[in-house]
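Same chain, two partners: subunit A is paired with subunit B first, then with subunit C.
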Partner chain A sequence: MVIQVEQLRYAYPGTTKPTLHGMSFEIGRGEIFGFLGPSGAGKSTTQKILIGALKGYEGSVTVLGKEIKSIRSDYYEQIGVAFEFPNFYSKLTVLENLRLFRSLYQGETEEPSILLKQVGLEDAAYLKVSELSKGMKMRLNFCRSLLHRPSILFLDEPTSGLDPVNAAIMKELILERKAAGTTIIITTHNMQAAEELCDRVAFIVDGQIKLIDSPRELKLRQGEKKVRVEYKIGSELLMEEFSLHQLADNNRFLHIMRHYEVQTLHSLEATLDAIFIEVTGRSLL
Partner chain B sequence: MRLIKMIRHDIQFQWRHRFYFAYMVVCSVYLLLLHGIPSGYKEKTAMLLTFSDPSALGLIFAGGILLLEKDQGIHDCLFVTPLRLTEYLVAKACSLSLLSLIAAWVIHGFSLGMPSSPFLFSLGVLLSSSFFTLLSIGVVVRTQSINGFILLIQLYALPFTIPLLSLLDWGPRMLYSLFPTYGSLLLLSSIYRPIALHEIIYAIGILIVGNIAIFIWARHSFQQRILLG
Partner chain C sequence: MSRKYQSLIFNDVRQIAKDPMLLASLLGPLAIIAFARFGFPFLSIWLEQQFSFYLYTYSDFTVAFLLLIIPLLPGAMSGLLMLDERDENLISYYAATPLTRHGYIFYRLALPCFLSAMLASAFLLLSGIAAMQFENLYTIILLTLEAPCLALFLVAFAANKVEGLALSKISGLLFAGPIAAAFIPDPLQYLALWVPTYWPAKTYLLGTLNEPYFALASFALGLLFHLFLLQRLSSMYLKRTD
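Showing the complex of A and B:
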C-alpha cells in the first residue's frame, strides 16, 4: 500500500473539538482515490496531514513507508500537490513560474515547455500568470504538481470553477497520469468528477469515514436493478420500468422496443449524490 | 544550490514589482539632501541616513514583499516543495541586504566618496539590513493589511532606535549596548572615525547574536501564523 492510515485523530491547536475522529483507510499504488464530503467535513484536514502540513495528529499515517510525523523536506520530492486555488507569482510569466518551482527540486524533473505542451499551454509560456484565464491557471497548477515526476499526486477540487470543456481536459490529464502509474488522491465535493475518475471513494462527514468503495459497486448495490423506458405512441409520451432479470425474455419490453418510438432508455443504478445522502443523511452542498 | 536559486528569484521578484525603481528614487532624494548639508555635518548625517534607510530598507520592503506573496497565495505552494523555511527566510534576508548594500554604497560613494573602512561599513549595512528584514517578517505575519503592518512595525522597531540617543551623548552606554542596533551604529561610524578592536568585536558579535535571535523568532512566527495558521 502507498498510503496507510490507522485511527487518525486531529484537533486544530486552540480547539477542544477534534476535526477528525479515528479515520482508517488504505490507498494502493496507481489508484485514484477520492475524498468526498461537504465543506467542513474534514477532507482538507485529511489532505493537509497526508501532505505533511499538519503533524500534531494521533494515530498512524504512513505514506510511501514513512510516518508523516517524521518526514523531512525530501518527502516533497515524491509527492505533487495541486491546491484548489491555482496561485502563482502573478507578475512572472508562466515559464518563469515553472522554472522557479522546478529549481527547488533536486531529483529528475520535467522540461516545463514539454509539460506546457501536454496541457495545451505552449502558446501561453511567455504570458504573465495574471493574464491567464481560470481554466489555463488550473492546467498550469496541474503542470506545476508534475514538474518533479511525483509518485503520488494530491489534487484539491481539480475541476472547481472550470467550464465543461476545461473540466473534460482536466479529467483526461488526470487519467493520463493514472495510466502512467501515478497514485492520485482527489479531494472534492463534485460527485460527477469523482464518479468519472475515482477507482474508490471515501464519504467523509463530521471527521469520520462513513463508507469506502468503488463508485460502480456503490451505484449497483444501492440502485434498483431495473431499466426505465420512455417511448411515444403518437403524440403521447409514456414510461415503463422493467426488471433487469431476464430482460431479454420480457415480452412487454421487447414489444415496446420493436413497435414504438423509444425516446430514452436508462438502467436505474443509484447516483453517488443519492447514495451519499442515504448513507450520511447529509447533502454535499 | 536551492538557497542561491531562491536569492536569485527574490531579486527577480523585487525587480518585477519595481522595488528597485522605488528605491532609486529614494536614493536620489537622499543624495540631493546630502548635497545641501554643510560639510561639517555631512559624515554624521550620511551615517544616520545609512542606518535609518538602506540598513532599515528590509524593514519596509520585507513586509511589502510578504504581503504581496500572501495576497498572491504563494506560500502554500512554495512549502509543498523541498524548500525549507530556513532557506526561504535566509534568501529574503540576503536579497534585501544586498539591495541595502548597493544603496548604501551609492549614497555614500556619491556624497562622501570611499568609506575609510569599506569592509566594516559593508558588514554593518549587511548585518543591520538582515536584522531588520527578519524583524519585519516576524511582524508582517501578524497582520493582514499594509495599514496594520505599518502601525505594528513602528511598535516593534521603535525599541531598536533607542541607541540613536547615544549620538546625542544621552544616557548610559551600557544600556545602549544591549541593542544590536548599537552595533550597527558603531560599524557605520567607521565612515568618519577609526574604531577600536574591542568595539569591532562587540559590534559584530551583538549583531550576529541579534540576527540569530530574530531569525529564530521570525521562523517560529512564520511557522505558526502562515504555515499552521
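Showing the complex of A and C:
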C-alpha cells in the first residue's frame, strides 16, 4: 500500500471540535482514489495531513512507508501537488515559472518544454501567466505538479471551473499519468469527474468516511437492475421499464425493439450523486 | 548556497527589475551612501556660506538618521514580495515542495538581513562622515534585525499588497527613533524606547560619545527588544498565513 491511514483524528489549533473523527483507509500503488464530500466535510484537511502541512494529528498516517509526522523535506521530492487555484508568479512567463519551480527539486526533473507539449501549452511558453485562460492555468498547474516525476499526485478539484473541452483534456491527462503508474489522490465535489476517473471513492461527511468503494460497484449495487426504454407510437412518447434478468427472453421488450421507434434506452444503475445523498443524507452543494 | 536559493535570488532579481518601486528599494541605500559621501560635504559648505550653519556639527545625527533608512528599504521590499506571494497563494505551494514553508520564510527574511548588513557596513565604511568605532558592530547587528522586523510587520498586519504599501508609509514614524535619541533630553527620551530604530541610533550615538558601557547596555537591550519583536511578529504572520 502507498498510503495507510488508521484512526486519523484532527482538531485545528484553538478549536475544541475535531474536524476529522477517526478515519481509516488504504490507497494502493497506481490507483486513482477520490475524496468526495461537501465543503467543510474534512476533504481538504485530510489532504493537508497527507501532504504534511498539518502534523498535529492523532492516529497513524503512513505514506510511502513513512509516518507523516516524521517526514523531512525530501518527502516533497516524491509527491506532486496541484491546488484548486493555480498559484504562479503572474508577471513571469510560463517557462520562467516552471524553471524556477523545477530548481527546487534535487532529483531528476522533466524538461519544462516537453511537459508543456504534453499538456498542449507549447505555444504559451513565452506568455505571461496573467495572459493565460483559466483552462490553460489549470493545465499549467497540473504540468508543474509533474516536474519532478512524483510517484504520488494530489489533485484538488482538478476540473473545477473548466469548460467541457478543457475538463475532458484534464481527465485524459490524469488517466495518462495513471497509465504511467502514478498514484493519484483527487479531492472533489464533482461526482461526474470522480465517476469517470476514480478506481475507488471515499464519501466524507462531518469528518468521517461513510463509505469506500469503486464507483462502478456502488452504482450497480445501489441501482435497480432494470432498463428503461422511451419509444414513440405515432406522435405519442411512451416509457417502460424491464428487469435486466433474462431480458433477451422478455417478449414485451423485444416487441418494442422490433416494432416501435426507440428514442432512449438506459440501464437504471444509481448515480454517484444519488448514492451520496442516500448514504450520507446530505447533498454535495 | 544550494541551487534552490540561487534560483529564488535570480527570480527576485527578475521581479525587482520589472517593478520600479522594488527597484527603488534596492537602489535607495546606494543613493544614500552616495549622498553621504558626495552630497553632504557640498551641502555643508553651501549652508555654511549662505546661512553660517555648520552642518558638520550634526554629522553624528545625520549618520544615525541615514543609517536607519538602509534596512527599511530591503525590509519593505521583502515584505511586499511576501504579500505578493501570499496574494498569489504561492506560499502554500512552496510549503509542498522541498523548499518547505520554513525554507521559504528563512529565505525571505535572510535576504533583507544580508542586504542590510552589507549596505549598512558599506555606509559606515564609505560615507566619509561615520565615526570609526567598535560600537558600529553593535549598530550593524541591530540594523540587520530591523529589516526582517519591518518585513514581518507588513505581512502580519496587511491583508494584501495594497494595504502593505499603505502600512509601509507608516514606517515613516520610525524616523522618530534617531530624532529622539539625538535631541530629546533624558527622561522624556525614554518615551521613544518602544520605537525599534531608537536602539541602533542610541547605540551609535553613545559610541561617538565614548560611552562604551552604556553603548553595550543599549545594544543588549535593543537586541532583546528586536528579538522579542521578531518572535511576536513571526507568530502573528504564521497565524495569518494558516
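Note that the second predicted complex is superposed on the first by the 285 of 285 C-alpha atoms of A that agree within 3 Å, B and C clash if a C-alpha of one lies under 4 Å from a C-alpha of the other, contacts with A are read in each partner's own complex, and residues count from 1 in each chain.
By definition in this document, a contact is a pair of C-beta atoms (placed from the backbone, for glycine too) under 8 Å apart; a residue touches a chain by one contact, two chains touch by 3 or more.
Bear in mind that the values here come from a model prediction, so they are computed numbers and not experimental data.
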item: Combined model on subunit A where subunit B meets subunit C, clash or fit; value: clash
item: Touched partner set for A:Y260, first subunit B, second subunit C, both or neither; value: neither
item: Touched partner set for A:Y89, first subunit B, second subunit C, both or neither; value: both
item: Partner chain in contact with A:F242 - subunit B first, subunit C second, else both or neither; value: neither
item: Subunit A residues contacted in one complex by subunit B, in the other by subunit C; value: 51, 53, 73-74, 76-77, 79, 81, 83, 85, 87-92, 96, 100-101, 103-106
item: In the complex with subunit A, residue positions of subunit B that touch it; value: 2, 5-6, 9, 12-13, 16-17, 72-74, 76-84, 227-228
item: Of subunit A, residues touching subunit B in the complex; value: 13, 51, 53-54, 73-74, 76-77, 79, 81, 83, 85, 87-92, 96, 100-101, 103-106, 144
item: Parts of subunit C lying in touch with subunit A, wherever the complex brings them together; value: 3-4, 6-8, 10-11, 14-15, 18-19, 88-90, 92-100, 103
item: Sites on subunit A touched by subunit C in the complex; value: 51-53, 73-74, 76-77, 79, 81, 83, 85, 87-92, 96, 99-101, 103-106
